[in-house]
C-alpha cells in the first residue's frame, strides 16, 4: 500500500480498454481535452481495430508535466471496460497502480492482483437506473466513468462543464444526459474512494499557446494554404481523414465570394491508379494537385509515379503509413514505405521524400512539398504515419506567413514565350538542372509533347543512346540538387556525446525522451532528425562527426538505415539499427533498451 | 589500301542498316544461321525501333573464332540499306573497312570516306529487272545483298542452299525467287569485286554441339520442363515471345494423348495486375504457374507481389527487362529493374531473384525458379533482358536430366493430413523457416484461411504486435535461408589478380572478353558473376578476398552495387561501378574503358 | 462483445446426407456491425451450401477487401478461404479455377470492391465466363472505410452527412447482361426466402453466375434519404421473377412445394448439374432465355424507380473458360509431372530445329 | 523512309477565319504502317479541327499506349500533347480537365488501351461525364505488340495465325450507352464523309463523347477471316444514322447542303456551343434522344451481324464533372493564389476550435 502514498502530480499514464462502436471515443476525447485545457501536457494514443463495431479498442492517455508525449508502456490506472481483454489489461497495470472496473457484475477473482488497487464502480447499474433507452444506457456508461475519473484525478469540473456546453450547445437533451451520467460517476467516487488518487492533476500553463490537432487535419490545412486546387484520392485507412478535412476546409474557405462556386475540385477516384493519374494530369495542366493514400496505394501508383518522374511532372503524394506488407494491419502504425517511395517504379528512379514528425510539421512540410514538386518538376512524397495522422497531438499553434508565395518553379508565361524563337521542354537547364515548362493554353509557342517514352533534351522522341542518357543523367543531377532544398535536419547537440542517433518522423518524442533519460544515466548522445531525402550536408556532417550512429525507425528492414547507407558517404559499419515494428507507437523504453543492449554487446567484444 | 590486305578470317563485325518491315530480318537471320552452320562462333544483335514498319533498324553480326559474342563497336563492313541513317552508318565503319550500298541511285559524294572502300551494288535495279510484283521487288533486295555477302565473305553456298531448301520446302515459288535474287547479288560481286574480302569465313567445328536460340524461347522451354501448367500474361515487348513460345510448345507437347485435351491453361489477362493475380490464385491452388512481363508490368504487379510474399504463396515472374523508366525505350535493353524487383511492394518485403546470362541459363534458371518458389513459398523473379531474350545466341545444346523431379516444397497430402489432429498454416517451420501448406480440395483437415492482413503463426487473424512480428521475423529468416539455395555464382579466378569484378546477366560475354583483354595488358582481375539474390557465402568470400571490386551493370543507379552493399557484409567503399545504360547491348570496350579510367584515377590520387 | 452471428434459424439440426448439420457450414463469429445486411447473406450462404450438401473442403471461398469481403471467414469454416486484395478477387479466382476446375468457387465482393477498383477484373471474368458464383453484397457505400459513396450509389441518394450523389450508378445486373454473363440475378439480403434458392441455383450453374444482393449498411447507409436503406429497399424492391430451386438428387420437402404457380407463367430450367430452377415471371412477354429481353425488363422497372429482383437470365449451354481453352477434365494441379515433362529425348529432337 | 502521311486531300488550302490552313492542323509524319486505319482517323481529326477553327494551343490531345495512341503526334502539332501510360489516359484527362476546363480535350485510345487494361478508367470517366471527346481506334487487336486479340475481337474472328477468338466481345458503344455517356457514336476510318461530321459534333458536345471508330490494322488484322478487316467492315457496316454537322458561326458551303433528306426522318439537335447536328435515321421508330431506344437499335443490328454506325445518342442537357462539383468557371489553374489562401488571420481564428 505504501507505494500508493507517493503523490505523482501531472505525471502518469492511463489505459482505457473499450469495445469499439460503443461510444467510448467521445468520452476519452473529452478526458484528453479536459487535461489539455487545464494547461497540462498530455498525449492520447488510440489503438483501434480494423473493423467498425464490436472489437477491442484501447485509448492511452499520458500526462507529463515535462512534456513527454511518447507512448508510455506501464499504466498507473486502467479503466477496464472490455471483459474480453480484461485479463490482458489487468496484467498491464504497473505494480502499485489501480484498475477501475464495472462492478455491476462480480469480478473474476482469478484475475485480481495483490499489488493493484481495484476500484469497482457499478456503471451499468447506475446508467440503467438513470436511463431508459437501451442505446443511451450503453453510451452513457462511458460518461459515467469519465465522471469517476474527474473525482479520482481531480480534473477541473469547470473545464468539463465548459466542454459539454460547447459540445452540446445545440443538443440540450444530450447535454443533460451527459451531466447526469457524469454526476453519477463522480458522486460514487467521492462517496466510495479516497479522492483524488496519488496520481492527480493540477492546473499548469504549458498548453496556453498550443492546440490539439491530428496530423491529417494539419496536412489538409497545409494543402489548403499551399494553394492546392485539385485533389484526387481513393479511400483508405489511415489516409482518409486527410481528404475529409481538405473537403471540409475547402467548403469553408474556397467558395468564391462573388459566384459562390468552388475554387477547388476534389475527385473521389475509382482507385489509386486513377488518383495519381488525375494528380499528374492536373499538375501537367498547371494546378497544384495532390493525393493521399497508404502503402497499398503506393504500390498501385508505381507505374505512373515513374511517368511523372521521367516526364518531369510535379505531383504531391501524402503517404500516411500503416503496418504492411500487403493489407497488413490497417489500423496500426509503421514506417515501412520509405524504400518503396524513395525508389518507386521500375527502371532508374529516385524521389524526394519529406518526413513530418508531428502535426505541426505535417502542416509546414505539406506546403514545402508543393514548392519542391514544382521547383524540381517531380513527385514529392510526404511520409506521415497513422500515429501522427490519426491521433490528437498537442502542438504549438500553427503560424502562417502572409508573405508566402508559392514557388511554381520554372514556368514560362505568355509574355516570355512571345519573346522566344522556339521553346524546348527539356533545355536549357538551370543550376538545379531543371528546364522550364509551359502550361497548355497559355501561348501557341508553348505547345510541346509530353511522353513517358524515350526523349532527348529538346523533348523529341528518341531511341538514340546518347540522347536518352543525357536526359537520364540530368535527372540524376536534379535529384542530387534537391538535397540542398529539402528542409534541413534538426540537431540536438550535447557536450561530449559518445555516439549519435538518427531518426525520423513519429519516432521523435520517444527518441527525445530516451536521449534525456540516457543522459541521466550518463550516456550522452547527439540526436539528428532528418526531415527529408535526398540528404544534405548537415546529415553528412553528422555522420562524419560520429564514430557510431544508431538509426531508430519503425520497420523491420532498417529502411532509413538503407537509405543513409546508399545515399551518403558514411561507411555502413558505423550505422546500427534500433527497430520497432509491432504496429503500436514507439515508446522511449524501446529506444533506451535497444541502444543500451547494443552498447553492452559492443563492450563485451 | 595496304590495311585491307591484312586477312582476317572468322574475326570481324558487320553492321546491316535497314528499314523495319521491309523483310531484312529474314535475310539477316539467314546470314547469321549460315555462319553458325559453317561451325563458326557468331552472334547477332537486332537493334530495332519501337514501331511496326518504316523506321531505321540495325542488325549487327559479329564473327569471332575465339568465341567472343559481345557486341562489337567498330564494323569492318556495313551494309547501308537505309538512306535515312546513311550518314550515321558511314561514320561507324572502321578505318580500312568497307561499305556496301545500293548503287541504283548515285551516292552522295559528301558522305564518302577516303579510308573506306565503297562497294556499290545496283540491288534495286537488279530486283526490278528480275521481279514484277512491287512487294517482291522490295523483299528480294535483302536476299540480293545476302548473295553479295556470300561472295564477299566466302560463305559456303551449299549451306545457304540447304537453308533455303528447309525454309521454303513448302513454298517452291518463294524458294525460286530467293535463289534468283541470291544469284544476282552473288554474280554481281564475283564480276565486280575481288572476292573474298580480307575479312572472310572459313569452316570450323566450334558450333557442332551448339544451338542457335533466343532467351525467351529457352525460358518457355524451362517452364515447360518444370511442369508449369498455368500461365497468365499481358502482351509487352520484350516479354511477349516468352508466352508465344510457351503456347507453341504446349500445343506440341501438352496435348493429352488419350483425350486430346490440353494439359495446360494459358490466360491472356486484361492487364498485369490480373496476370499476377491469376498466377497467385493458380499457385495457391497447387499448379505451377508463371507470368512474363517487363518493367511497367512489374510496377503494376507491386501490390499483389506483396500479398504473395506475406501470405507465402509461390509465384514465378519472368521480367524481360527493357530500358526504363516509364515506357522508356521498349525495344532497347537494360538491367534497370533489379531494385524494383528485390524490394517490390510497400512495407517490409524482400524477394528471391535469378539472373540468367544467356539462353542456356534462361532454361535452367526458369526450372530453378519454380523449385525455389515452391520450396520457399514466395515470389521468385527471373531477371532476363531484351538482349538475352530476343536475340539469337549460340549456346551449348540444352541438356535435360530425366531424373529431375519438381521440388514442390512442403505440401501436405491427404494421408499426412488424415494423421494430424489439427493443421496450422504457418507452423511448425523447418530449417528453411518454411511451414507446410495444404491445397484446396485435398482433405477436410487441410482447410485454412489465406489472408494478406495481419496473421499469427497459426494462420489466425491478428492485430497483436508480438504475433504479427513473430511471422515477419520468420519471413526475414526465410529469405536469408534462400541464400544457400539460389544457384551459386560463377567464379573466373586468375593468379595474382589485382582486383575483382562482379557482374550479372547479359553483361557476361562483354566482361569475359574484357577480362581477357585486360589480362593481355597485364591487368589481372578475378571475375564473379552472381546468378541469384539473396547472396550466398561465395559472394561474401569473393568480396572479402578483394580489396577493390568493380561492379559492372547496365543501369544508371548502380542497382546491383546497391544490393551488394546492403545485403552483404562488404564495406561499401571497396565497390566501384562501371555503368552502361544507353539501351544497346554491352561491349567489352565499355568495360575496359570504364575500369582502366578508374584505375588511372585511383593512381593519380 | 460480438455475439456469435449469424444466428441461423432452423427447425431442427437435421444432418444432410453427408452427415453435416447447418452448424457445420458456419464459420467464425461475425465481427460486423449488429444488423449488417452482410450477415444475412452469410446466413443464406450457410443454408444454401448445407442444402446443396457440398463437402466443405471442396469449396473455395474468395474475396477482396471490405466488410463484405470479410464474410468468407464467417461461413463454411471447413472451406478453403482466400481474403485477397482490394478489387483483385476475380483474377485470383481465375487462376485458382484454371489450376483446379473441380472445386466450387464462390467469390464474395462489395460494390466498392467490384465496381470501382475491381470493375476491370469483374468485366473480364464475365467475358471468360469463369465457372464461379460471384456475389456482390451491394450497400451503395464503402462500409469499411466509413461510408463514402460507391459506384452503385443511386443519383440523389443522400450520405449520412447529407450530401446527395450525382453520378450515374453502375448497375451490376445490366452490366453483366451486356457483357455476356451466363447467369444474372438480383436479390435482397432481407428476403432469405428469395435469396437462398437463387444462391443454390447460382452455385449449381456452370459458368459465370452473378448475384447482386442489396445488403444494407446499417452504420453508414441505412438513414433516411438513402435509397439502399432497409426501409427504402423493401419499398422499391419488386420480384419480377420468383425463383424456386430443386436439386438434382433432392426430394423437395413440404416447405418447398407449397409455392403456388399461376399456370403458364412458370418456366423450368434444368441446370448443368441436373438440378432445376423454376422461374415465375411477373410479365408474360418477358423471355428469361433472352439477354436482351432481360435487359429491357430490368431497365423498364429501374426507370420507374423500382428495384427489380429475381433470376433474370440464365444460359445453361454456355461454354466456360476451360471449354473454350480445351483444358483437360483432370484438375491441372493433379496432372502427374510425368505427363507434363516431354523428357530429354524430345528436347534433343526439338533442338535439331535450333540450328 | 516514312513519307509524310496522312496526305490530306483538299481542293485548295483555304485558310479558316484564324488564318490557318489544313496544313497548320497537321502534325509530325506518321510512323505507322502504310495503310493503317489510324492514319485515316488522323486525317479526319485534322480536317475536323481545321473546320471547327479551333486555336491549336487551346487543344489538349491525350493518349495511352499503342499504335493508335501514337497518333496525337501526327495531328495538330500546335496542340499540347500527352502520350501517357497504357490504359491510363482517362485519369490523366480527368485531372487535366479538373485543372483547366477551358481547353478542348481529345483523347485517343485503342481497343486494347480502352477495353482491357483501361476499361476501369474508361467506365469511370463516362460516369463522371467528363467533358471530352474520347476516340477509340478499334481494330480488334493489339497492333503495337503484334496482333494478339483485344477485348473487342468478335467471336469467331480469326487471328493471322488462324486461331478463332471465342470470348464475347465488349462493344464500347453498348457499354457507353449502358453507363450513361452523353454522346455515343460509331464510325469507320474508311468513311471520312461520315467520320468528320461526327468528330466535329463530338468536339462540340459538352460532356463525355465517345466515338468507336472501326480502324483496321493492315499488318495484323486485315486478312481473310478477320471481322475487322477493311473488306469485312465495308460489307457489314450499316449507317443507321447519317450525321451532318453545322457549326454555330458557320455558313455551310455547297458541299454540305447537297445532302437530301427524306422529309420527316431528319432530326436537328442543337449542341452546347450553338452548333447543330442533323441526324437522319434509318428506322422510323428509333428515338435518338432515348438511351434505351439507341441500345435496342444497336443490339438489333449487331445481332444480325451488322456493324451499325452513326451518332446513336446525344444528350445535350447533361451535367459534366464540373457542373456536378460546382467548380468555378475560371480555370482552376488560373485562379490567383490570393483567392486560394485564407491567410494568417483565418488560421488563428480556426485554431480557436482546436483547443
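Observations on the structure shown:
First chain written, first letter: the chains are A, B, C and D, and each begins at residue 1.
Keep in mind that, in the parts below, a residue touches a chain if its C-beta (ideal position, glycine included) is under 8 Å from a C-beta of that chain, and two chains touch if they have at least 3 such contacts.
Treat the numbers as computed from the prediction; the structure is a model and nothing was measured.
Seen from the C-alpha centroid of chain D, the farthest chain centroid is that of A. Across the two interfaces under comparison, A-C and B-C, the one joined by more C-beta contacts turns out to be B-C. Centre-to-centre separation of chain B and chain D, using mean CA positions: 40 Å.
Centre to centre, using the average C-alpha position, chain B and chain C are separated by 44 Å.
Centre-to-centre, using mean CA coordinates, chain C is 36 Å away from chain D.
Shared interface positions of chain B, i.e. residues touching 2 or more other chains, are given as 50, 270-271, 296, 303, 307, 326-327, 451-453. Multi-chain contact residues of chain C (touching two or more other chains) are listed as 85, 116-117, 119-120, 123-124, 128, 151.
Looking at the complex, you find that chain C touches chain B at residues 55-58, 60, 62, 72-73, 77-85, 88, 90-100, 102-103, 120-121, 123-124, 128, 321-322, 325-329, 331-335, 337, 339-344, 346-348, 351, 354-355. Within the complex, the chain B residues that touch chain C are 33, 36-37, 211-213, 221, 224-225, 227, 229-230, 232, 253-254, 256, 259, 261-267, 269-271, 273-287, 289, 303-304, 307, 397-402, 404-406, 439-444, 446-453, 461.
Those residues of chain B that touch chain A in the shared complex are 49-50, 295-296, 298-300, 302-303, 306-307, 309-311, 323-332, 334, 336-337, 339-340, 343, 345-350, 451-454, 463, 465-466, 468-469, 472-473, 476, 555-557, 559, 562, 565-566, 571-573, 581-584.
Residues of chain C that touch chain A in their complex: 1-2, 31-34, 65, 67, 70, 85-87, 116-117, 119, 142-146, 148-149, 151, 219. By the touch criterion given at the top, residues 19, 21, 50-55, 82-84, 234-237, 240, 268, 270-272, 296, 326-327 of chain A touch chain C in their complex.
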